[in-house]
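Please find the structures below.
Paired with subunit B in one complex and with subunit C in the other, subunit A is shared by the two complexes that follow.
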Partner chain A sequence: MNKNTGLSVNHLPVLTWNHIGINEAQFPETELAEVEFDACYEKSGFGKEIAEIFDNIETGMGAEAVAFTMNHCTNPIFIRVKEGEKKVIEPLKYTFADGAKVCDVTYILAEKNSEVSVFQSYISEDDTASYHAGLTKIVALEGAKVTLIQTQLLNDSSLHSNDLGIKIEDSAKVELVQAELGAKMDYVGCMALLSGYCAEFVADTIYYGDEKRKTDLNFIARHTGKKTVSNMKAKGALFGETDKVYRGTIDFINGCKKAKGDESEETLIFSDKARNRTIPLILCDEEDVVGNHAATIGRINENRMFYLMSRGLSENEVKELVVRASYESVLSRITDEEIRSKVDSYLERRMIIE
Partner chain B sequence: MSELLRVENVHALADDKQILNGLNLEIKKGETHVIMGPNGAGKSTLDSVIMGNPQYKVTEGKVFFEGEDITALKADARARKGIFLSFQTPEEVPGVTLEDFLRVCRRNMTGQPLKVFAFRKELKALMDDLDMDPSYASRYLNVGFSGGEKKKSEILQMLVLQPKLAMLDETDSGLDVDAVRVVSKGIKKFKNEDNSLLIITHNARILENLDIDKVHILYNGRIIKTAGPELIEEVNTNGFANIIGKED
Partner chain C sequence: MASSKDKVSEVNQSIYDFRYAENASYKTDSGLTEDIVRQISKEKHDPDWMLDFRLKSLEIYNSMTIPEWGPPIDGLHMEDIVTYIKPNTDMKGKWDEVPDDIKDTFEKLGIPQAERESLAGVGAQYDSEVVYHNVKKEVEEQGVIYTDMESALTGEYSDIVKEHFMKLVPPTDHKFAALHGAVWSGGSFVYVPAGVHVDIPLQSYFRLNAAGAGQFEHTLIVVEPGAYLHFIEGCSAPKYNVANLHAGCVELFVGDGARLRYSTIENWSKNMYNLNTKRATVGKDGIMEWVSGSFGSHTSYLYPMTILKGDNSKMEFTGITFAGKGQQLDTGDKVVHIGKNTSSHISTKSISKDGGECVYRGEVTITENAANSRSSVNCDSLMLDSISRSDTIPAMDIRNATSDVGHEAKIGRISDEAVFYLMSRGMSEEDAKSMIVSGFAEPVAKELPLEYAVEMNNLIKLEMDTRD
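Right, the complex of A and B next:
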């Protein structure tokens, strides 16, 4: 670990020469009391076998981030949904004030044919510089369905890292819905291992870059199981002098016959000073697979702008309408009324632009 | 009757290509005007220039609306003054439902908060009149609409926004026989003594229920002939050759 640059995170699964400088990223550490995570673990009642599955799950941000978050864990949460059970977990709402520092570790175990929905929200309540490092691991056993919805609205001086490691077994499905809209540094890493036959992974992420926010996203769908399906979408809008990096990798491992992976990115750029870098990778160690990458990156089409303005909407109103429209698939999933109204007013406030 | 729109000696270009060459047009409140002309004459460009499409640069001349020079105004400001354009090729806007869009536009135009249920009822009635399936209200604006459905969506927007001047650019093209009748009924219902219509068409059917005040022939970026409704019949029988011939 390098104390000067912080944690080395969000590595591309393969180093590429032409992406030098963004093959990985750095995320700062913070001063926090050290804890023995194993002690938390014991209380979870997960048992050795299950603990081992969780321990072996790789995440999108990588080993250094995992170690840091676990060793400084402030909020350990263990969710276990028994075979055949259906559960909606009480929303996990973290509010940040007075320079709060939170390292939350959430483990979700969905047993055979169970269904669970988990909601995490991270919101600033004042302007102080907070620190958040989150680690969420999900194990979906045979036939289980897990939905994880996350919203992040930290203030412009706060640091946020959101690290995910997901293992999906036979016919299980994990759906990740993310609204990453705030913070000074907004770092997200997600690694989904589709190990079971017909395992499915869906990610729908929206991000919002403005002022000097740094957004760094690293998504990896690793297919090892046959007939596995992944679909990762990222949609965002860039304003001001924001700097965004998106790495999206579909990794087909030898043996994952008939696997299918899709990744798509939609980026609306509203500022000449905004920086946008995207690295889509499809790694094929197996021939019998289908991998697709699609990207639409750019400004609002001028015909569409004129059409909408001709109905009386100002340029800014059109921008807001178009951004909200691209966010709609994620926003509509935020059913917690309190958080939804905070997201709406956040966007309204931020989008009074240029 | 007082003047609503005056286009005065307008020259306009796009991509350095001269399209309008000193065009003059005046429409009074309550009037219905028709513009005809061969493909590529500049008809849609004229509508675009009146609406304020920044793709077209007005190099000379002015556009007045209710006596005010609006040449420099942006499209949204013109819309709020009461100008509406039914597009020849309407845009698709994924993610925004037709109903939500109309609600935003209406609220924006009137500056008044909107009663959701009352608005929904009003919308349903308008859609019924236009023979539109109510399920279209919750579909994304024009996305996957057929050519004819898009034109109906334009007329629906016109009826919701109630402009003072509605410009209809080939609203009838792409409509089947029944749809033309339905749409022209919608237009007839919209029309009153205070608002005006500027209709671009290659086809007289949409005009059947309307009282036409003037018909203009646009050619080479200028109005080369203006007459009464009898001109429509003449164009339909003889084409443009005669009229254009006199010009050249």
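Right, the complex of A and C next:
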């Protein structure tokens, strides 16, 4: 751990030129009391055996972030869904005020053929600088289905890290829906290991950058199982002097025959002072796979702009409409009314297109 | 398809495998020291500024580390590489005067034929020295200068050389650029005056011969405003079992409204470390076109870079990489948009076979000032078996709100249906796959002059042929 620059996180799985500045990122540490994590396991009745399943799961932000969050965990949550059960977990709402510092660790174990839906929300209630480091690990056993929906609306002085490690076994599916809209520094890492036959991973992420926000995203879908399918999408709009990095990696490991990986990113840039860096990787060690990635970065497509303006909308109205439309697939999944209305009013307030 | 099969076996593979006994008149000690750099400089009758430049570069070389990214280059021991070998012949203007063994080598590589096919000039490099050089009369009459770098450095064009030499690729760029700055020798210098349209392509052929010899040729091309040039650079080297290093440098200056097409097929021997740097800068309304084929070599680091400096400048890059057994080819492209309304189009193909590893590594940067710029990148990778590897690492850095950048990449295998279809028409599985790979490479082949396209297709067929 480098004390001067913070935690080294969001490593690109394969290094490239250093001058682009995307091989890794630095996330600031904070002063927090150390905790004994093992004790949490015992209290929850989760059992050491099951805990060991989670210990080996890699995350998108990497080992330094995991060690930090585990050693300073303030809110451990363990969710276990038994075989064949279907559950919708009560929304986990974290509200930040008075410079709160939170490290939450959430472990989700979905047993054979179970279904579970988990909702996490992080919202600031005042303007104080708060700190959040989150770690979520998911294990989906045979035939299980897990949906994780996350929204983040921290204020402009807060730091937020959201680290995910996911393991998907035979015919299981994990769906990740994320709205990363706030914070001064927003760091997200997600590693999905598709180890089972026909395992499936879907990620749909939206981000919003304005003022001096730094957004740093790192998504990895690692295919080791046969006939595994991954589909990662990211969409966002950049305003002000924001700086955003998106790393997306599809990693086909030898033996993952008939695997398929798709990845796409759409970024709209509305400011000459905004900076967007995108690096979509495909790493391929297996012949019998199909991998695709596509990235579209820049302004709104001219034809689309022309069509909508010819229908009577002003240029700015078109821009707002197009951003909102690109967010819709994620926003429509936020079913909690309180959070949804907060997200809507946040976007209304922030998105000023000039 | 019997005829196609015959065609494959007819290709004389030995032309890439022969090697004559070393017959060098001068050879430095292995390893890189200040003394060696001074010796090289003395031998080449460098002007003082060049000796200073070489020594400064050596200093930079010693202070820099080997890149952390990219395929391993542990097998490369600089202390074992004789950096400079001068063949036992001076500059020749006439083909008849070139020594027989060298001539024979070039004949096998097809250079005289290519010349007969009315190519403008041949500056063929044997080891580290240009040994044969001839520019057609009509090109000279247009005021075009096509000469070897040494002559240019000391001759009447020395000011142009001094003005441009390693200005685009400074020795501080990376360790191997610094190495090049210290020990460079040979290469071509081309100057096309403003408004001159060179109708026939200029061609230069490089070849490494001595085992353990490095090749550090420098190509400097200046295309003045409104001029046009097509320059072809081909490389081939015989097989030999001592690590070889190629750290060449290509600097291309494309003036306002000028257009340069730079085509190259590199086919280094399978023990070569090819750490080459190519860079172009393009003025207002200028156009830069790259056609690049990477075959052969043990390890390659090759990313031709274009700086679109002038408003409305354009660049197009078409590339193909084929990695076979034991090869790690890390190739790609870089483009920096600085001028307004600039555009770039990059299209690459890669093929991995028999445990070969292909990497596409790219970078598109659109700066704050490059308003209304466009860039599109397209990478297709073909995996021919499961012991090979193919990675795509494209980075994009966009810093304004009025540009459009699109990137697409696909990776996959030859479809069973296509092979089945061709086999049902009477082809063997091998021929069917070979045909599909040639079809995959077709968009690159069509950008090349005919004789190069034929050579490239033959190389693909040779690589696809598993019968030996």
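Everything below uses one rule, namely that the second predicted complex is superposed on the first by the 341 of 354 C-alpha atoms of A that agree within 3 Å, B and C clash if a C-alpha of one lies under 4 Å from a C-alpha of the other, contacts with A are read in each partner's own complex, and residues count from 1 in each chain.
Keep in mind that, in the parts below, a residue touches a chain if its C-beta (ideal position, glycine included) is under 8 Å from a C-beta of that chain, and two chains touch if they have at least 3 such contacts.
Just so you know, these numbers come straight off a predicted model, no measurement behind them.
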With the two structures laid over each other on chain A, which partner does A:Arg299 touch: subunit B (first), subunit C (second), both, or neither? second
A:Leu15 contacts which: subunit B (first), subunit C (second), both, neither? second
First (subunit B), second (subunit C), both or neither: which does A:Glu317 touch? first
Mind working out whether A:Asn254 is in touch with subunit B, subunit C, both or neither, as first, second, both or neither? second
May I ask you to name which of subunit B and subunit C touches more residues of subunit A? C
According to the stated criteria, A:Asp272 is in contact with first (subunit B), second (subunit C), both, or neither; which is it? second
Which of subunit B and subunit C A:Asp285 touches, first, second, both or neither: second
Where subunit A meets both subunit C and subunit B, residue numbers: none
Given the complex with subunit C, which residues does subunit A contribute to the contact? 14-18, 20, 22-23, 252, 254, 267, 269-299
Residue numbers on subunit B that touch subunit A, as the complex places them: 48, 51-55, 74-76, 78-80, 84-85, 87, 90-91, 93-96, 101, 104-105, 108-109, 157, 161
For subunit A, which residues count as touching subunit B in their complex? 301-304, 306-315, 317, 321-322, 324-329
So, in the complex, the side of subunit C touching subunit A is made of residues 68-70, 361, 363, 368, 371, 381, 383-386, 388-413
